[in-house]
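Labels run A, B, C, D, E and F following the written order; every chain starts at residue 1.
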Amino acid sequence: MERALFIGRFQPFHLGHGRILELMLEEYEEAVLVIGSAEESYTERNPFTGGERVEMILRAAGEMNVRDRVVPVPVRDINRYDLWVDHVVSLTPPFQAVFTNNHITELLFSEKGFKIIKTGPIKREDYSGTRIRALMAEGETHWRDLVPPAVLQYLDEIGAERRVRRIYKGE
Amino acid sequence: MERALFIGRFQPFHLGHGRILELMLEEYEEAVLVIGSAEESYTERNPFTGGERVEMILRAAGEMNVRDRVVPVPVRDINRYDLWVDHVVSLTPPFQAVFTNNHITELLFSEKGFKIIKTGPIKREDYSGTRIRALMAEGETHWRDLVPPAVLQYLDEIGAERRVRRIYKGE
Amino acid sequence: MERALFIGRFQPFHLGHGRILELMLEEYEEAVLVIGSAEESYTERNPFTGGERVEMILRAAGEMNVRDRVVPVPVRDINRYDLWVDHVVSLTPPFQAVFTNNHITELLFSEKGFKIIKTGPIKREDYSGTRIRALMAEGETHWRDLVPPAVLQYLDEIGAERRVRRIYKGE
Amino acid sequence: MERALFIGRFQPFHLGHGRILELMLEEYEEAVLVIGSAEESYTERNPFTGGERVEMILRAAGEMNVRDRVVPVPVRDINRYDLWVDHVVSLTPPFQAVFTNNHITELLFSEKGFKIIKTGPIKREDYSGTRIRALMAEGETHWRDLVPPAVLQYLDEIGAERRVRRIYKGE
Amino acid sequence: MERALFIGRFQPFHLGHGRILELMLEEYEEAVLVIGSAEESYTERNPFTGGERVEMILRAAGEMNVRDRVVPVPVRDINRYDLWVDHVVSLTPPFQAVFTNNHITELLFSEKGFKIIKTGPIKREDYSGTRIRALMAEGETHWRDLVPPAVLQYLDEIGAERRVRRIYKGE
Amino acid sequence: MERALFIGRFQPFHLGHGRILELMLEEYEEAVLVIGSAEESYTERNPFTGGERVEMILRAAGEMNVRDRVVPVPVRDINRYDLWVDHVVSLTPPFQAVFTNNHITELLFSEKGFKIIKTGPIKREDYSGTRIRALMAEGETHWRDLVPPAVLQYLDEIGAERRVRRIYKGE
């Protein structure tokens, strides 16, 4: 079986991630979605826990009817790029290709012999976690159009907007 | 949706784990299988990587036709029991109950208000990771009857027996 | 016995901290003062060691005649907000309420069921560690009016001004 | 002011610790009690959290009427003896002497120029944390005579005996 | 035998480092070159691994005919200035003096009794790692005049320019 | 240039290590000696610091007139075998072959494509760090015949025997 891997932070899982997942599953049987910075939460960059992000992926995949072809794997940062590829490989089931839009990821995984597939920018201005979190913090409701319906419902269940607003107010 | 959680090391996934998974899915819609000591590998206690153990769970679940009801989550040790429950909660999707046979797990999770379901010993003498690894190390083939067929095939693919033997020979 | 907890970095302990301590002891029998970032020192944000900050609290409390009602506890950063409350709880004697002016602290401790008492800004422009350190670095003596006399004497004993100046000169 | 320091794990604080504290306060104005392995808990060697051990010391010191002369400081293990003395120094208020019965502590602190005062064995067979925990685990009540009354009451409040028994039953 | 120590990041080893090494060996028999941030690599500040930097030092020292008087030692950051000197001392062979141009290094090592020799700025505008990396990233070839010939050859062997360019392009 | 690598703990550097070094330099131009467990010291297994072990290697190599062909590199344990090879590679200058007598080292480095040269037991009963440390602890002087003269002199300079004896007496 052939698998592809994608590394994101999924803060939150948005329609851009959904589009990448579609692309992966067009060419590969299964998609391993590595949840980066999995142990960081309640910060501006990473408001949601690793587990909450697993849940977002499960719900989005369920909605897309690909739940049994998606493997979410939370992976913590180790802050050592020299060991990063082996760290990811060690925690994920076997995969052959890496979808990425990130130059460092491309550099590191290609040095280890993995096939790289560049995703290219997918309407990045719209589908960006940074922008979605900023909208949440400012009380703008437009972010609700940028995530899949199943993820939106989960974010409402956990009071995501209120949490993000508090975090951005900071100290 | 109601989910149950079980913590194991799955070194390797064996028929005892398969039986616990069945029990979990009789009562709950989904099972979160936490892979403990996920960052340990190539040791006597933990010969297989976290990712290899994710793969074993996926294959076993596929064989049992419950792939879309099982969520494997690799979790590293933090060696702090005071933070252990929150560490697990933080990396897993929401769950309500904990299946366990371990007194410490029971103590820690019950203090945090989780429902505990004791699994009881399931022919422990047969289905024990320790015993299976010892058989592998000694070149006894009897371990092959103690794991699900799909896991057996994977273990053969990665040369599990040879690896375990080398590790047990140690320095 | 009822105790209140306050988390600060105490770089250095200043009159604003003294005022918060008074408020805590008006309502509670004892005050647990958590010294955050306890393992950081000799940096611009944290020039004094955790132990030096314990000493500042002991001297200030002695001067206020509340030495036996104050418990200073140095606590290191773990950079995981999901585990932060349990980390603090694990290292401190039992407490019921948290005095704070910080939105994240409020969010995290209230989610765990602690009573929150907002301190509000206490002439923040005057009593701010950041401002005191900047004054020290610039050779302005006005900072001497912003700390309790007993803390001032200790800071002079350890050559605080000279240390801060050197650190700010950096590389 | 002259201070002495003692490093223990206080699992739990017992009459032997009380006797050492008396000796320290006969010769020195204040005693710094370093709580070693402060971040370890719910294990056979360290069933109680760092904060619970702070509380035991506060209660015992209160009962001895020396609360304002005792400074408990929880300190985590760093597993590097080369840095151990500086780690302890960095987290404690200034001290001049070290009371100890431990050869490594003596070796490391004397190499850094601290005065060493050997405590000698104080009826070690009776006043030993290891023995007290074993008695607790076995359901023997004799341990109740080996800790100060104020500590005994606290241990009962937190259900110490039940916790230790569960931990010793282990997996 | 008298040894001097210098701490740098050597990203990359340049002619300024070569000049400092000369000064050290004029006065001392041997030079210990501590490679700071040794475990960081593939970042803008630290594109080269600790081992690659060991190699640069060995080649530069060989070219200067002082290979047997230079000891490169890779040392990781511990982010605790209170333990920094002991950390360095613990990993290096004995030394008596510290060459430095850094105020914090001077402050920390002089407090521990080491002799400090200020190197002063050696045409810093030219010989700066930051500037060399920026030139590499921009495709300017002028950096080639700022490193010793033997280091230049090594940097070409490992494709340094291409790596730095990719890293600077980042995500 | 061709280099070989050997991983040892060198507690202390003994004649067996000297013999392996000779073998390495017969076939290779340079020898990289990785000092494992470099951050551990003052324990029974690792009484000497990483820096002291660098010094032993430098003195032994000097005595053998191969100082400019030997590169000692202290490397800390990371307790992750899945990342171990990359960790070592990242901190050492380039090498082609690995001399080893250890099954795990052989397994891990051969999986990454390195050439393995088995050293075989070199009168292990005589030249064993464990045995030398035990002799030191017991006050037996026979260990003095098991280390190179230059190392012996250094061990006497730092009071090795007294240190080891104290450590073995332990608590």
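Here, a residue touches a chain if its C-beta (ideal position, glycine included) is under 8 Å from a C-beta of that chain, and two chains touch if they have at least 3 such contacts.
Please read all numbers here as calculations on a predicted model, not as lab measurements.
**Student:** Moving step by step between touching chains, how few steps can get you from subunit C to subunit E?
**Tutor:** Tracing touching chains, the least step count from subunit C to subunit E comes to 1.
**Student:** When D-E is set beside E-F, which has more C-beta pairs in contact?
**Tutor:** Ranking D-E and E-F by C-beta contacts puts E-F first.
**Student:** For the copies subunit B and subunit D, give the interface type as same if over half of its residue numbers appear on both sides, and as different if under half do.
**Tutor:** Both copies, subunit B as well as subunit D, present different residues to each other, with under half of the numbers appearing on both sides.
**Student:** Compute the distance, rounded to whole Å, between the mean C-alpha positions of subunit B and subunit F.
**Tutor:** Going by mean C-alpha positions, subunit B sits 38 Å from subunit F.
**Student:** Averaging over Cα atoms per chain, report the distance between subunit C and subunit D in Å.
**Tutor:** Computed from C-alpha means, the inter-chain centre distance equals 26 Å.
**Student:** Taking each residue of subunit E in turn, which ones touch at least two of the other chains?
**Tutor:** Residues 39, 41, 49, 80, 82, 89-90 of subunit E touch two or more partner chains.
**Student:** Which chain pairs here would you call touching?
**Tutor:** Chain pairs that touch: A-B, A-C, A-E, A-F, B-C, B-D, B-F, C-D, C-E, D-E, D-F, E-F.
**Student:** In their complex, what parts of subunit D are in touch with subunit C?
**Tutor:** It comes out as residues 38-39, 41, 49-52, 54-55, 58, 67-68, 71-74, 76, 89-94.
**Student:** Which part of subunit D faces subunit E closely enough to touch in the complex?
**Tutor:** 80, 82-83, 86-87, 89-90
**Student:** Can you list the subunit B residues touching subunit D in their complex?
**Tutor:** 79-82, 101-104, 106-108
**Student:** Applying the document's contact rule, which stretches of subunit D touch subunit B when the two form their complex?
**Tutor:** On the subunit D side, the touching residues are 39-43, 49, 163, 166-167, 169-171.
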